[in-house]
Structures are given as C-alpha cells and as structure tokens.
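Chain lettering (A, B, C and D) follows the sequence in which the chains are written, and residue indices restart at 1 in each chain.
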Amino acid sequence: MFTATLVLTALGLLLGWLLGVAAKVFAVEENPIVNEVESLLPGSQCGQCGFPGCSAAAEAMVEGTAAVNCCPPGGRALTEALAELLNVDLNSLGDAPVPQLARIEASLCTGCTKCYKACPTDAIVGATKQIHAVISKACTGCSKCKDVCPENCITLAPEPVTLNNWHWTKPEAA
Amino acid sequence: MNANADLPSPAPAGGGHRAAPYAHDRSSVERIMLQVCLALTPATLYGLYLFGLPAILTFLCIVLAAIATEALCLWLQGQSLWRLKDASALLTGWLLAMSMPPWCPWWLSASGAFFAIAIGKHLYGGIGQNVFNPAMLARVALLISFPVQMTTWVQVMPLGSDIAPGLSQSLAIFFGEQGIPDGFTGATLLGASKAAANGGASMAELASRDYSLGQSFVGNTLGSLGETSALLILLGGLWLLRARVISWHIPVSMLLSTLLLAAIFHSIDDSLYLDPWSHLTSGGIMLGAFFIATDYVTSPSTNTGKLIFGAGCGLVLFLIRTWGGFPEAVGFAVLFMNALTPLIDRSVKPRAYGRDRRGNAIKNISARKVQ
Amino acid sequence: MFGLKSIRGGVHPETKKDLTSERSILTALPLPKKLYLPLSQHAGVESRPQVQVGDKVLKGQLVARSGGSLSANLHAPTSGIIAAIEPIVAPHPSGLPAVAMVIESDGEDRWKDLPTLNDPLDLSPDELADRVEEAGIVGMGGAIFPAAVKLRQGRRFEIKTLIINGSECEPYLTCDDRLMQEQAAAIVDGARMIRHIIEAYEVVIAIEDNKPDATAALKQAAAPYGMINVINVPTHYPMGSAKQLIQAVTGKEVPAGGRSNDIGVLVHNVGTVYAIHQALRLGRPLISRIVTVTGACVKTPHNVEALLGTPVRDLIQACGGLTAHPARLLMGGPMMGQIIPSIDSPVIKGTTGVLALNQREVNEHLPAPCIRCGRCVDACPMGLVPLEMAKHSGADDFDQAQDFGLRDCILCGSCAYVCPSHIPLVQYFEYAKGELRERRNNESKQEYTKRLMDQRNERVEREKAAKAAAKKAKKRASRKTKSPAESES
Amino acid sequence: MDYLLLFISTVLVNNIVLVKFLGLCPLMGVSNNLSAAFGMGLATTFVLTLSALASWIIEHLLLVPLNIEFLRILSFILIIAAVVQFTEAVVRKTSPLLHKNLGVFLPLITTNCAVLGVALLNIREQYSLIQSLVFGMGSALGFCLVMIIFAGLRERIALANVPATFAGTPVSLVTAGLLSLVFMGFSGMI
C-alpha cells in the first residue's frame, strides 16, 4: 500500500515536473485567432452582419455565436476561408445572404452630399447640388448611405446579372 | 415549315437549358452492361451444362433475386422502376452466380443476391456510388457466414449424362430438403493444395496426380458455377477488350503479377508452392481479372491507377492463396484493392497537358526577345 | 520535317461535313432590312459608338471604336441609317440583353471610299498591325480575341513557327474548308503578311486530312513561296484547339498558364488570315464572314457569306428554310457552340456556323449517375480527370475540382461526348469556372474596398488634424488681435 | 524474421482496428477527410510506439520489482497522458505546421483505447522490449493504414448520394464492418 502510494506520487511528481519544464522550454507565442479572423474580414465596418463593426463580428464568429457566412460583402470565398480557419462544416450552414449594391434614383436625388460623406469606401461620386452616382466596383452594400439619405432615393439590390458575370448554372443532379 | 417558326428550340429529352456539346456518341450504360453480360454467356452456358439442373436453378434464383432486390430498393427510394433497364442488377446477380458453388440452396442464393444489391450497392446510393464490388462483397460475406455450403464443390455431371440429377432431385437439392450426396463432391485444386500444404504433401505430385492443366484451362473440372473454364472466360474478356468496354490495364497487370509471384516462389521450392499456370487456370482468377476487378465503379479511373490496382489484386490474391486461411482469394483481393481505390484515384492522376507529372507548369525556354 | 505527334485523348465524332463541303459559298445574299451589331462581339471591353441615331453611314464606315486596349473596332456592314442604339437579345445562351447598333439598310450597299494601298509587304510591321486593328479583326475561329493585340504580343517574342489553323475539327462546319478551297491565294497572301508582321521564321498551314481539296488548293497557292508549308494533321477532335494543334505540328506543349508565344509559336485561324488579307490588300474592314448553315433541319445546307448583324433567320431562309422544328438551334459547332435564344439573333464576328439539329443528331438523354467508367479520362485531350472534376464541382468543392484539372480545362466537350451516362460534364465545368471567377472578382473587390477605406480613414484623420490645427491657429490669432469683423458678429 | 512476421501480423492479420476493434472512436471521429486522418494516424503512431516503450519500462522496472502490478492500468494511463502532453509541447515548438495538422488530435489520443490496449496486450503476450516496440509500431501502422483507407472511402461516400436513412454515421459504420470483412481474408496467414 505504502509503496503503491509512493510510486504513484513519485511518478506523478516526476511527470508533472517534466511537463512543467516542457511547457517552459517549448513555450510558443500564438496569435489569438480573433485577430486572424478580423484580418480576413472586409473591414468596412458596414454592419450588415448585425454586429457593430468587423472586430465585433470576428469575436462573435470565434465564440461561435455568429455564422461564418454572415458577411455578405465577403461572399462565398470569405465563408470558405473562415470555415477552414474556425473548423466549421460548410454543409451545416444555411444560405448566405446575397451581397447588395446601392443605387441612387437620379430623379429624386437633390445632391445633398450626405451619402457621399457617409460612404466608408468613397464609392459615391458627385459634388454639392449635383446628382450622385454609385461606383458599383467600390460599393460594399453597407446601406450607410441609404440610412442618411433625406430623399429616400437610395435602394439596395443584388448585383444584376449581365453578360459579363453570367455563367451556366449547376446541372440538376441525376 | 419555314423559318418563321418562332424559335428557340423546345428542350429535347435531355432537359432544357444545357451547355455544349450538342452531340453525343451512341454509348449508354445499359449497352455497356449488356455487352458484359454477353461476354459472360459462353462461360455461363458451359458451367450450366457441366453442373446440370440444380446449377440452372441456382443461377436463375440469384439473378432474379438480384433484380427483385433492385426493384425493391428503387421503390423504397421512390425512384422510377425504369432504372431497372440499365441492367446493372442483372450483371451483379450474374457475376455473383458465376462465383457461387454450383449447387446452392435457394436461401443461400437469395440472401447473397439481396446482400449484394441492398447492402453492397443501394446502401451507398445505387449505381455508381458503391465503394466495394457488390458481387464480391456478397460472395465473401457468404463465405464467412456459411463456410461449409460455400465450399461444397460438386463433381462435374453434365446435363444429359447418367449421373446428372433429375428434376425432382434437383428441386429437392435447391430447396434444401436433400443435402448434396457425399459422393457427388470433391475438392478443387486450390482447396487440395491448401490441404496438401498443411499436410506436407508435394505440390508437383498433386498437380500431376489429380488435376491436369489442360482440363483446368478448358474448364472440365469442379469449381464455382461459372469460373471453371478459363478458356471461355478469357475469350469473353478478349471480346470485351476488343469492344473497348474494358481496358487491358487491370487484367494484364493482375494476371502478370500473380504469374510472376507464383513463378518466383515455384522456382524457389516447387514442392511447397503451386506452379504458376495452375494458379492462372484455376479458381476465379480469370473471371476476377476480366470481369470483376474491371468493374468501373470500384476500380481507379486512370490508366496508371488501373495498373497499380491490378498488380495489387494479384499480390493480395497470391498472398492469401499461398499463406492465408482461404483457398480462394479473388473476392478478398478485389475488395481489398477496392478499399484502396479512392486513395489511388487521389494520388495517381494523368499528366496534364503543359504540366509535369507533379502538376507544375512545364518550363520551356522562353522565346521572349531580348530588347 | 515536322515530327507530327499525335495528341492525347480526343474523340472522333461523325463529321457530317459532306452536307456542305461540296457546295460553294453563297455570296450574293439578299440584303437584310435591318442589321443588328452588338457592341461587344470580341473578347474584352465593349466598343464605343462613334455615330448617333439618325446618322447616315456608308458601307465599311467606322461606327464604333475600340473601347480600350483589349477591344475592337466595328464597321457598318452596309450603307444606311443608324436606326437605334439599344439593348437587344444577345446571341448568347443566357438570352440577356446586350447593347447593339441597329442599322437600317438603304439598299444601295454603297462602300465608303477605299484607300489605294501600296504593297503591304513594303510597310513596317507596326503600321500593318495598326491597320489590322483599324479593320476590327478578331479571331474568326470563334475565339474572338482581337487579332492586332495578338500580333503585337507576337512581335515581342521570337516566333519560330506561325501556324495557320485550317484544321476545322468541329463536326458540320465547313466554312474554313470552303474558304481554303475558294480563296487559297488570298489565304497564302494573308499568311505572308502575318509572317511579315511577327517576323516568323516559317509558316505552317495545318489542315485535317479529311480536306484533300483544300490541302491541294493551298499547296498549289503556296508553291511559289518557300517559307510556307502546307501539311495534313490527323482528323481528330479537338485538333483545331490551338494547344492541341501546336502539339501535333511542333511536338511541343504550351506550358500551363502560358501562351503559345512562350514556345515561339503563334496560331491564327484561316478565317482571320483571310480577313487580314482583305484589310491589308484591299483596305476592307471586317464586315462579313463565312457562316456554315447546316443541320438536318435545314433544307439545303450551304456556306454563306453573311454581313455581320444579319439575323440568323435570313441565313436559314437563304438556305431554303427549316424542314422541321429543330431540337437545338446553335451558333458554332455542335461540340463547343452555344444555343441561341432566338432565331432573330444576329451573326457576329465569331459565328462560324448556324446549326439546326434534330433530336437524332443531338442525341440528348436525361443524365444517369456516373459509373466511373473512365471514358472521359481517356477522351480528355488535356490529360485531366473530368469525372472527378464534375463530381467536386457539383459538390461546390472547387479546390478539389481545380486539383483534378479544372483550371486547365479547355471546355472542348470530348468528355461529355463520350459519357455513357450522358452527364453534362462541360456544364459542371462552366458552372465551376463561373463561380471561381465570381469569387476572384469578389476577392479583388474586397481588397479594393479595403484600400479605399484605409485611404478614406487616413483622409478623415488628416482633415480632422488640419481642422484642429486651423482652429488652434484661429484661436491663437483671435487671442492676439480681435478683428473688428469678429467683434461685430 | 520473427520480428518481421510479428510486424506483418499486427499490421494486417491482427489489425488493431478491424480485427481487435480497438480505437474505433478516432476511426469514426476523425476520418472525414484524408489529411485529418493522416494527421491522426501519424500522431497515434508516434504516441503508440513511445507509450508501448514507456509502459514496458514501467512494468518491468517498476511495477514487477515492487510487486504492485495492480497499479498497471492507473500508471499506464498516467504515462500515456504525460507522453501525449510532452509530445504536443515538443511538436508545437519544433514544427508549427505539424502541430497545426496534429493539434486537435494529440489530446484525443490520450483517451484512445488502442494506446492503452496495446500497452496492456504487450504485457499479456509477455513480449520482450523489442517485441513490444515492434508490436506497438505494427499496431500503430495498422491503425494508420486503416485510418487512411477509411478516410479515402468516406470522402468518396460523402459525395455519393446515400439514402437519407443511412447518410452519415450509419453508412460509415456499415463500411467499417465491410472493411473488417475484407480484412478477414488475411486471417490464418500467420
């Protein structure tokens, strides 16, 4: 009995010491995963995910409270990158929201420049008293312009299908 | 009709919007399946002739049970019964029947066919989705579950000969009311060689005494229902090669690797190891090489992959035949390589145009002008 | 002298070329009332209209100018009035709208003044390339890549072999075959000009061996010029694909991701060569092309010389009309052509053929599950694994699909042609490639917007700082001397 | 030759997973994709070999001399856990890439019954030190082999259109059973 206790204690102490030393000797600095996630996100702080800004969304994703496909501007590519990083099964996700583009209804625009100032990516062009237009190449669909527009002349819609971005759909499985 | 016909084309049978090509050769799945069945016919007829009425009953029972199981599975999954017409169930049943002992009771035949189609194929989603060869899976499952019945080999008693059982006796055997009389059975060459190896008898002696190579080749010997005639199977296989239904890679590499291994070991000690030609002409190796290992679904899709697959089959076959506990090993060998097929498919790819074997772009001396 | 090497894989579809190969090209088609010229009928960006609605134009007059470095000019195919510049249904399977110029012909078909030209072979290569660009010539084999861009790229390399592609491997199509038979001298002349432009060492005109007449005609036309070799290549789809043809003629492979230039080869289609001849020798811009109108549903199949913008309906009418409702109406060959959304779709620069096929010819069936027979692997001329590519594309696992060769796929359709399960493999690849393109665009957009945002943040910071500084300065100033204006307010 | 036979027999004939049915948890858990299965196999190979060695030493230098064999299971678990933790620390430092691949699997191995099983089997079969080592390595390679084969099969099955009733774990279990059936072909060899 005594030997048994002694042996086990000794063994435990020895192994514990070994591990302690190993933990010291082989200690490594690690980049917190939240930072890694945040660096992947678009960073436009658009809030389409429902979180106040990208870093909040990154935290939520790491905690698992936000789905990895909740970022419409990032699209499918971002979703896959995040799923890989956070080890999420892609098939378990539902349909991702579609990225949107802002469009200004020219006939209603008064050229107040409010949207122009609100746009986080400078995607709206036009000067005071002139009709504004959206450069769709730079628009993330964050809807900030829509929120400030006094004339309600900004609408958000998915990118239209044109000859340039059309492609064949997936064939129906046999 | 003139050109005012307001267009565009109504979708033909292939469904509406569909990308190119808008041309197709005349091949189809059922055509392939039926070609394989056709190639099996000579060996089958000969086997049925050799083993008589009970064998015919066994054969019909397995094939019909396979088709019935297929129909049941399709119905359970709510799919169209028209899918039966791809003849894949017919072929699976047929191949299973070929590799079964000739006189099987109905329950053995039917459960084998059910296992092949339901577990081997439809559990995985039906045609094209299975990972193991269904016929061999059923054969191996039966062999392990019912070792006695699955290794009861009847003597050759051709239709119309005096010793052939009549209809009533055949039915009795088929329905299991009467066992197979002791005098009717014997041992196959492979079985005998296994026993001999355990008992310490010499292989050369065995081969020359009871079994002639010529008979083995023609098939006038005892064994599985359709496996006895290496010659007729070989003919069927060659026809399939000619019809481009199968490629030469798997049969050649499988037969060659077995032959080589057998030759090497036979030359080391001919009293311990069976000679290579007996290996090649007995058991299911011919059927395996031409009809079973070449099953599209469960073998690799590239030529190099096929060579590896065939060689692996030959190796495992020889290992089990020589040192393993089972005298016949085609099923195990093919199934083992089936399990490796996804890995082979992943790692062996053809060399793509403009790339080297490892998939990097080939380097060519640039023709850019020095400005 | 050429180590003719066979190409990998490929298929041998029924050629059906005898429907049209023995009949000469119909040239004098009735002038269509309206011509529809889409502004984008070349690879690259849309061209910009140079005329306005209501303007009168002459045949051959420039109506739209190249819209960028990768684009092409567009000329009026006949004289008339610009009736509209508006979206029409594009000759494209999607049926989406594309902006087109509608020209109402005045029936006179009056040419603009054509310049009198010196012998092009006396001019500098750069000047000739400019003229090719001016004439709006693009790859006429269906690739529609601006020819001048290709020529200029070629000039930057040491081109050993200029291959004139007369293989025409697509079934049914005979437009190149007929052109070679009827215009052999012009093609040889065009080939000499291209050789002059890119300073190639030698010219090889490669023709599939099922076109003996074209071969003979070209051999005769090329006989006086030592540098031009006319050779036969095996009849084997897709021999006409540039990569495969280069392999067959030179034995070399174009490195993955590279261009034929990299190995000192340049390939031009015979149709392009003919158009270049027309432009450089006669000063005529590209306003018409040879189109094969064929298929079991066409009454008398023919090759026709069609003005760009002619509705397909007119071409079929010229060939006797339809005899039955076609199962598929295509632009291009059956292997790589595309369905068109309407019989009124116009002929564009890349239209090699108009096919009205019946169900027997198309032989489409509902797809069945893949049985992994590997026929597609054997048929793939690029050495890929189509069945795995399709399976992974179907599961949206594009990385794996790339791994099995999706990025090298040339969409030739050999795999789908032989598939016993009738799986639309090419459509899987089109889908996957489209998705990947979308993803790439998305990624670059994200990078772009990120950069924009950083710039903006910086600017806002700067403005804030500037404002703060200004405020400070103002405060300091106001503390020192109170201006009268300020005290008043 | 004896060692070779022992090795082959442990890899194929008496495969630890398919014949002895040990280590089924990782077989089901981490065979969804090939690289994960490979990582798990590699980690297990490493740990199994080391722990077979360590447990033999403990058994013969500590437990037997002190006559406290009843502590076998307890001390073995202790040893295995320590070896696993130690391996993880080393791997993390020396090869971040390998750690990224093995990362999650290492702690999992602690509770892998195959590891403890092999250590105990070594004692039961009264293997010598070298035999234990060979047995441990053979088992580990057998495990690795089955993991890789199974992962390959599962990747294919994942793309198959398995009936909803059987999709996921059921079809994997059936496949494992069938694979075990196939490995029975090697029985009687040694």
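Here is the rule we go by: a contact is a pair of C-beta atoms (placed from the backbone, for glycine too) under 8 Å apart; a residue touches a chain by one contact, two chains touch by 3 or more.
This is a predicted model, so every value here is computed, not measured.
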Which of B-C and A-D has more C-beta contact pairs: B-C
If we define chain centres by averaging CA atoms, which chain lands farthest from subunit D? Would you check? C
How many angstrom between the C-alpha centroids of subunit B and subunit A? 53
As a quick test, compute the distance in whole Å between the mean CA positions of subunit A and subunit C. 38
Go ahead and note the Å separation of the Cα centroids belonging to subunit B and subunit C. 49
In subunit D, residues with contacts to at least two other chains: 161
Scan subunit C for residues touching two or more other chains and write them down. 93, 366-370, 394, 421, 424, 427, 430
For subunit A, residues contacting two or more additional chains: 168-169, 171, 173
Sort out for me which residues of subunit A touch subunit C in the complex. 42-44, 73-78, 99, 120-123, 137-140, 161-163, 165-171, 173-174
Under the touch definition given earlier, write down the residues of subunit C that touch subunit B in their complex. 8, 11, 13-14, 93, 156-160, 171, 243, 247, 252-258, 261-264, 313, 316-317, 321-330, 332, 334-344, 355, 357, 359, 361-375, 377-378, 380-385, 387-388, 404-405, 408, 411, 413, 416-422, 424, 426-427, 430
Subunit A partner contacts - residues on subunit C that touch it in the complex: 40, 90, 92-94, 96, 98, 366-370, 393-394, 421, 423-424, 427-428, 430-431, 433-435, 437-439, 441-443, 445-446, 448-450, 452-453, 455-456
Residues on subunit D engaged by subunit C in the complex (per definition of touch): 159, 161
Where on subunit A is subunit D touching in the complex? 3-4, 7-8, 11-12, 15, 18-19, 22-23, 25-28, 87, 173
